[in-house]
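Chain nomenclature is as follows: A, B, C and D, assigned in order of appearance, with residue numbering initiated at 1 for each chain independently.
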Amino acid sequence: MVEFSMTHAWLVPLLPFLAFAVIVFLTRPWKMLSALVSVGAMAAGFVISAYAAYGVFTSHSLIEKSLEYSVRWFSMPGLNIDVGVKLDPTSAMMLFMVTLVASLIQIYSIGYMRGEKGFSTFFAYMSLFGASMLLLVISSNLLEMFVAWEGVGLCSYLLIGFYNHKISAREAAKKAFVTCRIADFGLLLGMLALQIIFGTLNITELGEKIANFELYTNAATLTLVAVLVFLGPIGKSGQFPLHVWLPDAMEGPTPVSALIHAATMVVAGVYLVGRMLFMFLEVPEAQQLVAVTGAFTALFAASIALTQREIKRILAYSTISQLGYMMLALGVGSLTASMFHLWTHAFFKALMFLAAGSVLTALHHKADIWEMGGLIKKMPVTGATFAVGGLAIAGIPPFAGFWSKDEILSLTLSGGHPVLFFMAALTAFLTAFYMWRLIFLAFFGKEKPENHPQESPPVMTVPLLILAFLSLVGGLVGTPWFPFWGEWIRFGEFHHAAPDYTVMILSVILGVIGIGLAYKMYVKDVSAEQRLAERFRPVYTLLYNKYYIDEIYMWFNHTLVDGAAKAMYLFDIYVVDGIFINGIGAITRDTGSALRVFQTGRLQNYALVFFLGVLAVAVILAITGPAPAGLVWGGVR
Amino acid sequence: MINSLSLSIGITHFLVLSSLLFGIGLFGALAKRNAVMVLICIELMLNAVNINLVAFNKFVTPLAFIGQIWAIFVITVAAAEVGVGLAIIIAIYRNRLSVELDDFDWLKW
Amino acid sequence: MDNIFSIAAFYLLGLVILGSAILVVMLKNLVHCVLWLAVTFIAVAGLYMLLDADFLAMVQILVYAGAVCIMMVFAVMLTQRKDMKSSSLFNAQFRSAGLVAFLTAALSAYLAMRTAWTSTVMPVPPRTAEAIATLMLTKYVVPFEVAALLLLVALIGAIILAKEVKADD
Amino acid sequence: MDFPILSIILLAPVAGVIFLLFIPKDEFKLIKSVAAIALGASFGLTVYTYFAYNQTAGGLQFVERYPWINDLGVTLFLGVDGLSLPMLLLVTMIGFAAVFASWNVSERPREFMILFMLLVVGVMGTFVAQDLFIFLLFYEVVVIPIYIMVIIWGSSKRVTKEYAGMKLTIYLLIGSAFLLVGVIAVFVRALIITGVPDFSFTGLAQVPFPVDFQIYMFALMLLGFGSLLSMWPFHSWSPDGYAGAPTAVSMIHAGVLKKIGGYGLIRIALYVLPAGAQFWAPFMAVLGVAGVAYAAFAALAQKDLKYVIGYSSVSHMGYVLLGIASLNVIGINGAVATMFGHGVMAALFFSTVGFIYEKTHSRWIPDFGGLSQQVPRLAVAFLLAGLASLGLPGLVTFVPEFTTFIGAFKVYGGLAVVAITGVILTALYILRAAANTMFGPKRAEWDHLVDIRGPEMVPLVVLGVFLVVFGLLPSLLMDMVNNGVAPLVAEISDVLQIGGRF
């Protein structure tokens, strides 16, 4: 079974794809059956992934040299593209994580989506998403990865716009797709450049060739290529300045937010940079850019999250912020820390989203946290699991988030980036604060009499409990004393750094202070935020309006893009068509009407002209014909 | 130039005669207002052509009879043409109550 | 054709043909035009006799002088309701038409005279009808049949064209 | 040459036309069934041919030769290779689908189908002809039915259908006029050089034309084929024409007819006049890029669905031009495959918009909203076509575009980048149109609409299957295209080598 799973890893994305096809073409009218097909395919994928992961994590040879097999997708002279499977610890971990989280979220969705009109469609999309995401994970080729990359983008579009009868959902979906498309433009250019320079898009081959890139190109070009490739992740993983779509994406159903916009799809960018880390490590400037973008995004998104009121928006900014951490980790050159945070984040963020979904269902989609309160009394499981997630993200040991965040912080410091470390540490503090602000406001404090919350059914709470358990223990695989994680998932040599207690204690203190401050402001003295907001009105407004970045983009879109469009169109109508085409037409027509005088419409007139022509031809023939032999009258010579 | 101006009648005489007849017919076809007259003048032109054919038959290929046979075909076609032509004129007349060609300028759009 | 009678006959017939043709064109009364047309046709038939085409001369009289002229008269009767005295007038372009017709005729005549015709001295066999009949049914049988078909088509066509259109159609 | 399959593909619709002549004009169902069967036969045989084509042998296959005008060296020379087979498949596929897209034509359906089948035959003929003369002959066959169909069955919106039909026809004719001059000059020059009259492509390609002659002739052909391909700035017939034309004509025209331009550029202009191509390639690239960006922006400003697609197709043809201008195997492969992909996509798009128009009598985007709730299948078709248009991987357009970009980026660098921005703009205008038409709150006035069903589903199914299958398995398409392009480019590469790079 282990052997089979490893050589048939392509089944993992294929099964959900087949589930998608089956649901679309066969089982759409039967809701429960569709859901079962979808969950079944994903669960089967999980089983295969688990076996494959077991296989990978027991064979040491795969750390240095991944298991690869492929088939030709298309080829022509000078361009051969394979699709294949690249199985190494990183992708095995991702396979395991994605199938696990996706299975849990799909099970949860059965409860969450109950009674929705597009129930089967939802599961079809979820399956398609699963297929694309898993293909992305096991891709051995950048183009193959790009196909999956766009596939997950498509599913994201479809699922954000799931309630497309709402204008906000429709616009959010469009925004997500177009924003990611802008980013993909860079990625596409980068891929084109890689293909042209190195003649391959196979990740392993690229790794070998880029290690000696001087043979093919110079460092400046490679830096440019790396920056272009990095554009893609900026969009997909919601990094500044292309993060704008992610908060809006919360228009989708909550399981979608949990699966796509927290646990899996948005980390695809991180994963891609991780896959291509060999390139970024060759060109320090590009690597620097990754680090700075990550750190800045982390801080920036956390600052926005401080003032938001909608529960899912806060979580979305938190996701952006955590993705910034992962990028930062990659930027300081650690695949290990980045993937570790990705792993733990998937559990606790999915957990929080699902818990938020549970809350939203209970409150009939009332999303403002100020209108909640005391929910933990009526919804103990949801509240408790959410709190577990909150502890994890705040970095309180022994929860999962502590270990991974700590590793990033200590690596940033030891990597010689004090400024970035400061930003990351500040973010850690802000994270603890805003997340517990949410928890205190929503789950503690006074109950609101107008709310009649009810605990969700087991089909929803069981996945919550499982995820809560994973959030609790998920980080134990990579503690500084037991570095199982770093031994397997790494780029380059394995260094076992000694535990850095300073950073560890600092990070715990920051987390505790953040939670304590939130407790003080939102449980003890509820009006504290009001007073702070009054005092720092401009800052508060700036943060509440997300630094006005959306407005700037809207302005850009409406004036520049639409203006250019209008200009081109008017040019087309009035210059190309108006002056040239219709001008030529008008000249022809006017000439025609001038010449119309000659057209009398009388047959005899035409016949007359016709005979004039005959005459002319005859005369010409008579003149140019054989010389006259003299006039002969009356006879034959 | 007219080197053999004898009284003898040759092919040229017939050809000149037919040319003149053709010219008269052409003049009529181009200049008459009445559609029936145009048809009549076309018949004149066809007769001129037939004279040519028969003359050629006589002076050039007397044994092959090509000219005469061709002339018969011309007469056949002419008969058909007169029949159809007159039918058209009658049909037009029924619609327009006129056979004056000056009234018909439908070719002008 | 050195025979004095032939020469005289040619010029006489030529005169009649041209004269009556001019009258056809110039007269203002349509009925008179048709009458002179018949004269032209008969004179042309005479010319055919002169050219040893006696069968053709008979056909000419039968078809042209007979059938065609009668049809013309019918057409005149069916279409002419106004004053018959000015039923055959010239149109506005008769001057230029005359010029073109004159030039065409002149050029044609000039070319006829200029060309050196090669011809035989062989006489036309006396029994033309027989020879034509033989050729028509052997060598030219296909055109002959096609001509027959043409006449049939023309017949039907003429009937359909000239048929009264019913009001309720 | 045992079984004249190409002739049968060509003649099946002709047989259909003859059969239709004997059917009473009010037997609507029968008329459309006959057309569907005739075009379906062609389609089926073409699919067979596509897969029966021996790729290892390559070259021209299923060849038929019937000498025609010996003095001019004209032979009725039919054959297909990797370049023409995808195009042939495209014509028959779209022709078949278009019959069903016109299933509800109730005004003179018999005449409609007769003209339509003649049109399809003409387009098919241009792709199977291997003789320049026959190629032009079929090309001219195309012009007349289009004009009549636009004038009679078209629709007047921003411009009248008469204007649209006139514009379309005159552009086609101007294109063919330039072409005719070029073709005659090439033939005569070839006759002077070789002394043997020969109109076949292969024959002409062997003739060593002088370089400056090639440059002039290529310019003529570029104008001719370019205006057919809606090359900027000779594109303005495309939006107006498609908007005015009935659905089936828009499908065939956008789907394949304009591809004759690209096909001709490769098969005739590039193959016969490589040195000329080399001279003009940078200009072609600039025009192509200008077309991509300009038309994409113009599409963004449109409010009429057919105009959106019309400008979008101009924009996509810019890629084709750019691919051809790259003058390497990859770029030209990409260009040909892009033509195929765009053909399938545009046909599906036009059929969808045609159905929307037929049901609502409107194409004005602000009139719509939330249609996906009333006509979900149409929404699926719309979205499928739209996503193909923006080059979503996994659909037939992605790999061709990617290939084109590689070919062009290699040669033109920065210029190609401008063209690649097209992928962003395309996403913008397609998704905008989709959002405003299909999504959002539903409107009460469209509650009565009936979704497509029965025969109306055929375009979606047939074209959708090709969109997805050829998208997921691009080697089905790319191997075939490469099979045709690679030898052609190999033949002219000597000339291109001598000329050097720009």
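As a working rule, a residue touches a chain if its C-beta (ideal position, glycine included) is under 8 Å from a C-beta of that chain, and two chains touch if they have at least 3 such contacts.
Quick caveat: nothing in here was measured; it's all calculated off a predicted structure.
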Chain pair, A-C or A-D, that carries the greater number of C-beta contacts: A-D
Computed distance of Cα centres, chain C from chain A, in Å: 93
Where chain B and chain D are represented by their mean Cα positions, the distance between them in whole Å: 55
Distance between the centres, which are taken as Cα means, of chain D and chain C, whole angstrom: 59
Separation of chain A from chain D, taking each centre as the mean of its C-alpha atoms, in whole Å: 34
Residues of chain C whose C-beta touches two or more other chains: 91, 93, 97, 100-101, 104, 108, 113, 117-119
Of all residues in chain D, the ones touching two or more other chains: none
Sites on chain B at which at least two other chains make contact: 8-13, 26, 30-31, 59, 101-102
Pairs of chains in contact (touch as defined earlier), listed by label: A-B, A-C, A-D, B-C
Partner chain B, residues of chain C touching it in the complex: 1-2, 4, 6-7, 10, 14, 17-18, 21-22, 24-25, 30, 33-34, 37, 40-41, 44, 47-48, 51-53, 55-56, 59-60, 63-64, 67-68, 71-72, 74-76, 78-81, 87-94, 97-98, 100-102, 104-106, 108-109, 112-113, 117-120, 122-125, 128, 131-132, 135-136, 140, 143, 147, 150-151, 153-155, 157-162, 164-165
Residues of chain B touching chain C in the complex: 7-17, 19-28, 30-37, 39-41, 43-44, 47, 50-51, 54-55, 57-63, 65, 68-69, 71-73, 75-84, 86-91, 93-94, 97, 99, 101-102
Chain A to chain C touching residues, read off their complex: 604-605, 608, 611-612, 614-615, 618-619, 622, 628-633, 636-637
Contact footprint of chain D on chain A as seen in their complex: 72-79, 143, 146-151, 154, 157, 161, 164-167, 170-171, 173-174, 177-178, 181-182, 184-185, 188-189, 192-193, 195-196, 561-562, 564-569, 572, 576-577, 580-581
Parts of chain D lying in touch with chain A, wherever the complex brings them together: 167, 233, 235-236, 240, 294, 297-302, 328-330, 333, 370, 372-373, 387, 390, 392-394, 398-399, 402-403, 405-406, 409-410, 417, 420-421, 423-424, 427-428, 431-432, 435, 438-442, 474-475, 477-479, 482, 486
